[in-house]
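Letters A, B, C and D mark the chains as written, and numbering starts fresh at 1 in each.
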Amino acid sequence: MSTARTGLPVGLDRFGGLAIALASVLGAASFLWPLFIPAHAGMNQAHAGDAPWIVAVLLPLLLVAVLGEFSSGGMDAKGVAMLGVLGACGAALRLPSGGAAGFEPVFFLLFPAGYVLGRHFGFLLGALTLFASALVTGGVGPWLPFQMMAAAWMGYGAGCLPHLRGRRELAVLAAYAALACLVYGLLMDLWFWPFGTGSSSRLSFQPGASLAHNLVRFLLFHVATSLGFDLPRAALNAGLILVAGRPVLAALRRASHRAAFGAPVEITARPLESPGVR
Amino acid sequence: MDESSPERCAAPAHVAKGHIVVAIVVDFGGRDGRVLVTCVVTRPGDTGAEVLQAQASLLGYAVPRYDASGSGLLCAIDGYPPSGCGTESGNHYAYWAYWHGGGKRWQYASGGPGEWTLSKGDVEGWRFEPDGRATPADPPPRAPSRAAELETPATTTGTAATTTRPPATTGKSSSSSRSNPSAGGKGSNTLAADAAGPVRQSSNSKSATRKGLFILCVALILLIGAGAYGRSRRKSSHAN
Amino acid sequence: MISFDRVTVTYPDAPAPVLDNVSLTIEEGHFALVMGATGAGKSTLLRCVNGLVPHFSGGRLNGTVSVDGRSTERYRPRELADAVGYVGQDADATFVADTVEDELAYAMENLGVDAATMRRRVEDVLDTLNLHPLRQRAITTLSGGQRQRVAIGAAFTASPRALVLDEPTSSLDPVSAEEVLASLARLVHDQGTTILVAEHRLERIVQFADVVVALGAAPGEVRSGVPAEIFATSDLAPPVVRLARVAGWSPVPLSVRDARRLAPELRRRLEAVRRPVVAAPRGDRVAKVKALSASYGPIPALAEVSLDLHQGEVVALMGRNGSGKSTLLNHLVGLRQAQRGSVEVLGRAPATLSAPEAIRLVGLVPQDPGALLCAETVAAECRDGDRDGGLAEGTTRAVLESLVRGLPDSAHPKDLSEGQRLALALALVLAPEPPLLLLDEPTRGLDYGAKERLSLQLRQLAARGHCVVVATHDVELVAEVADRVVVLADGEVITDGPSRSVVCHSAGLASQVARILAPAEWLTVEEVASALAAPASEPAPRNETAR
Amino acid sequence: MLRSRLQPLHPIAWWCWAGTLAVAASRTTNLLLLGLILAVVAWVVSTRRGNSPWARSFGALLRLGLFVIAIRVAVQVLFGDRVPGDTWFTLPSVPLPHWAAGVTIGGPVTAQAAIGAFCQGLQIAVILACFGAANSLASSFRLLRCVPAGLYEVAVAVTVAISFTPQVVLSIARVRDARRLRGRATTGLRGWRGLAVPVLDGALERSVALAASMDARGFGRRSSSPKRRRLTAAATLAGLVGLGVGLFEVLDSGSASGIGLAVILLGGALVIGGMAGASRGPRSRYRPDRWRAAEWLVVASGLVAAGAVVAAGGSDPSSLTQPLYPLGLPAVPLAALAGILIATLPSAVAPAPAPVRAQLQEAAA
């Protein structure tokens, strides 16, 4: 299977790649819809509340599709076990915060993992970590698929970073971590926007208004409500990566080496002539 | 400019400093084709909703009705339509379309009147669309009929002064008359009060019968809630 | 059933093969014991059976390994799941499900066994392994022995013809170990399963074995045969065998029962030897535990424990799992604050001290010594040790040298053998010269050689004036090193006395030699040997504290 | 009793029940209805939740709900539209610079605005509470056993993660002790580093051993025929396209009615079908959760509640909303209230809570 070829824990065939791309586009749409919704959609009072719920139904389906692709695209025991174990570590990191925003060092594990073990693994790990911790802490709800999708993208991005050496590697990872944490916060806020503001305030989205106009309103909402959580989180994760990044990367590399993903296996029935005989 | 928008009001000489005059064009569309222009003296920065409110109290109309869900959507002017709010039929809605600009330069408003802040010489437009599409493609308010033009100056200039209200008095006036919010000033107050009178009485008579049930339900809810709380407390105390 | 035909295994980027041209056959229904020093390739041999090596580890395998006529060349581990059950070294790392039942059913689910059969087999296994009362329990709430049995059951429910176990009892107390081995024996006898098991603690398991596979130091060197003939010569042997050699019995008895038949004659010879009791000078008090009580939530862990520890004595702390041994050690080292009662080391309460102060007063080597090691290389580890203790450069390294010779500086702690890792941890703890030294289960996974070295080191430390406390299940170690035995049960001290009387007079804690030679009070083979060798007048080599 | 202890209520049933109540809540801003739904949910949770760590999530989500209400009201007060109403007080209004889309902060705060915001906040809080209830009542492990075959590997990974989490927590404690034994700091970023690395190392080693034992027990014995693979992949992709079309239709019309919804449902069916169809290898289930009368009753009670509320909305929309113009007491739709009361049924018919998972509890604490 493909894992053996790539030497990475999880692989994906071309269907899977296509599925990820498609699902991500739709996922993006289900995050960004308030910015683009047309004027008359807001008029329809009876149904104005529908869009968020439709999207909340849609996203789990997207995730099912993508994760299913991963399952059939080839995950062997090693990949599954490593996913599970790293997911557990992530969940444990989220326990103190109960999955709430603010103190959330989970990304400090996710990004190095994605970076070392590849973007597909990063995608999966991002999604599964949040899922597992939600199950452990009992935080399952309509918000969960959005968290999973967002975290999955972040992990995928970490896997796409250029592979450097030494200091520059850490610097790039830390910078990415800070950025990704902020983006994650933005995305989750974007999801909460319609609920947080209703439709009758100067911060709520205006159907039909220009993108720039809505964007400004959203950013104001973001600054007003949750930037206070996101900045510390970004700093925390970036700091952790700077401090502990090197040994963590080393540990991950050692593990993926020990797990021997796609290591060459050779079995020959012909016995090796022992020196004594020769 | 002016000839392009006949509705524009000439600011009367006696308008106090720091105030502006805006025109409100209300086109009742389907009902009787009545188009009404009112000039209201107000403060820069007041919202379209407040000016509409002032106009209503000025003309003794019923208080403009807004969507109950608290979204800033306007449902009725002068109690028309009597019920419903942007009621949908297929892809069409019966609703009050909101415009800015006047004359040939009407622009479909992107937000509710609660968000639009006025500046000097603005023209506000309202047109009831019996079956509009809620897009800028809907027809703008028509030019005012002659009758309307004759009617308006008389009403407005007379009471223009009363409609301009220093924000300070708001608190008192509203506390004095619950039914008719935020329209300050004596003259308009009385006008609007009896406009909104019947509404208040009806709601009073209903609530009188309703109160008992209401309290009953609240009691029930509290009872169940307390029960749940007690049980979970016991459980947690058992746990450790 | 299981056959190796001229098998050579080489791991990727390893210079030399681990197994070199190994051939052996294990008949159906046999209980085969694989023994050998650490690093002799026991695990590799076992993992070859179901193809985990090389399919899982990578590397090259020449020759043919076949189980039930199926060669691992053609079948991957998962396709052999119905032929071979494999239980790895760390049972906790093998669980997939949350409850016992689901874990047992897991393999069958993968094999697609139909529901009815699954139900029946699960029930069978629950009975065979005596897990019935635990069926609904979450695995994380089970004790070590129970977990180990669940792991065995999980490997066995698919009813494989052969079962492969890698050190199934290394982390268990004698009682749990007995349970596990007994259930293995039942599998062999009732169901005719072929069992291949690697084990260090031969004394526990030898009496069950039909065949012994002995791996020598050199990768090529493999001997297999019936236990008697193997042990006649093998240098790895349980005390009973070593005693037999000393006494010159043959055929070599493998169980205490067999040995006792031959014992009377030896006892008579030993009675001639007078063993004078030399009271060791009792040093002054190092630590004092007074009426210490502790509890985890509602569960009491220690009840009114009082204890004095003195310089130069080796105290063995014994008792079942969960009898409070580790809790007591944690209090002594200051990881836990005394809730009721008091703990003092040289007059100071360890829990109140800062970490750097504490390590100069008392040191603890935890159950898993690896937990102490976090640097990349041995050299770095030693350097950190010096820095943490504020010691002169090279102190730790010197201590390490005194424990094991010539450990390579560049080696990664994770790649060391159990014994070496323990030595490194011990060195780190000893470097600041704490007067009180605590060890928790130090003999886990140690082969006989490493154990002998350890007990020697402990004696030397005591002689140098340290007070050494060893919490252990290993009665042989106790017999070797302890002056004094403290037995805990349910958090209470039920016995506290000189090791000889305690070890000889309690059935559960007696060493093999003691059991064979009872009622005479002999503890170890060495004693007997020197006693036999020596003329009657000379004192026995070992002192003991009189009280 | 024993019977029910062996098999608790099907997790899907709990989720359906909570979901229907959430739908009911999402249809109304009537304080009475919302309050009653909240009370009912709380009652059932208090009678039927176990001691698992996730059982506490109900309380957690209640607190989160309060937070949401606070935000909702605060946003309304600071940035709310200045729609006329009974003015309570007037904040000094600060116009933001031009680039900020002409947004001004403050201005008169009307009772209508504040109460409307509160009702909408409460609505969200009640919906949160419903999901909190589902979390507290349904076991995550059992939930994971219900996933379609196509998701099997992923589900196993998650199961492993859940059952391994408490061990991670314990090993964190162990490592912290070990650092103390070497006389090192256990706090601060450096302490973090010393903590994170050994824990991670241990975990990763475990993962290799775990993989070996899983493979040795036949994990991933599957016959993935490329033909079937292509089929399921096609189904999935088609489903995704369908979802996309449906989504844009819905967003464009702003209503979940008609074509958009249909297309979405179709796409969803395709995706799920693809997953279910992708069953590979001869896997079987040990004692799958059965769907018994109790499950039906629980789901039905939820449906009744939701139905009653929706019906009330159909007959008289205003009975579901908090009257703002003019302000007044909410209507008392007796039918809807009665329907919601029926949703307390599970506290009678659902089997008693599952046994404790002490270890996990420790971990989550």
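Things worth noting here:
As a working rule, contacts are C-beta pairs under 8 Å (C-beta built on N, C-alpha and C of every residue); 3 or more make two chains touch, one makes a residue touch a chain.
Since we're looking at a predicted model, the values are computed, not measured.
Among the other chains, B has the CA centre that is most remote from the centre of subunit C.
Looking at which of B-D and A-D shares more C-beta pairs in contact, the answer is the pair A-D.
Per-chain CA centroids place subunit B at a distance of 39 Å from subunit D. Chain centres here are Cα averages; for subunit A and subunit D they lie 19 Å apart.
Measuring from the averaged C-alpha position of subunit A to that of subunit B gives a distance of 46 Å.
Subunit B and subunit C have CA centres that are 84 Å apart. Listed for subunit B are residues 69-70, 72, 88, 112, 114-115, each touching two or more other chains. Shown for subunit A are the residues in touch with two or more other chains, namely 38, 40, 43-44, 46-48, 77-78, 198, 200, 202, 213. Shared interface positions of subunit C, defined as residues touching 2 or more other chains, are 56, 78. Applying the touch definition to all chain combinations yields A-B, A-C, A-D, B-D, C-D. Put simply, subunit B touches subunit A in their complex at residues 67, 69-73, 85-86, 88, 93, 95, 108, 110-112, 114-115, 133-136. Considering their complex, residues 47, 50, 52, 56, 76-82, 84-90, 92-99, 101-102, 105-115, 118-119, 122, 136-141, 151, 154-155, 158, 330, 333-335, 355-356, 358-359, 363-364, 366, 368, 371-372, 374, 384-385, 388-389, 414, 428-429, 432 of subunit C touch subunit D. By the touch rule above, subunit A contacts subunit D in their complex via residues 13, 15-16, 18-19, 22-23, 25-26, 29-30, 33, 36-38, 40-44, 46-51, 53-55, 57-58, 61-62, 64-65, 67-72, 75-78, 80-89, 91-92, 95, 98, 100, 108-109, 124, 128-129, 131-133, 135-142, 195-198, 200-203, 207, 213, 216-217, 220-221, 224-225, 239-240, 243-244, 247-248, 251-252, 254-255, 258-259. Put simply, subunit D touches subunit C in their complex at residues 5-6, 141, 156, 159-160, 162-163, 166-167, 174-175, 177-186, 194, 197-198, 201, 205-206, 209-221, 281-287, 355, 357-360. Subunit A makes touch with subunit B in their complex at residues 38-40, 43-48, 198-200, 202, 206, 208-210, 213.
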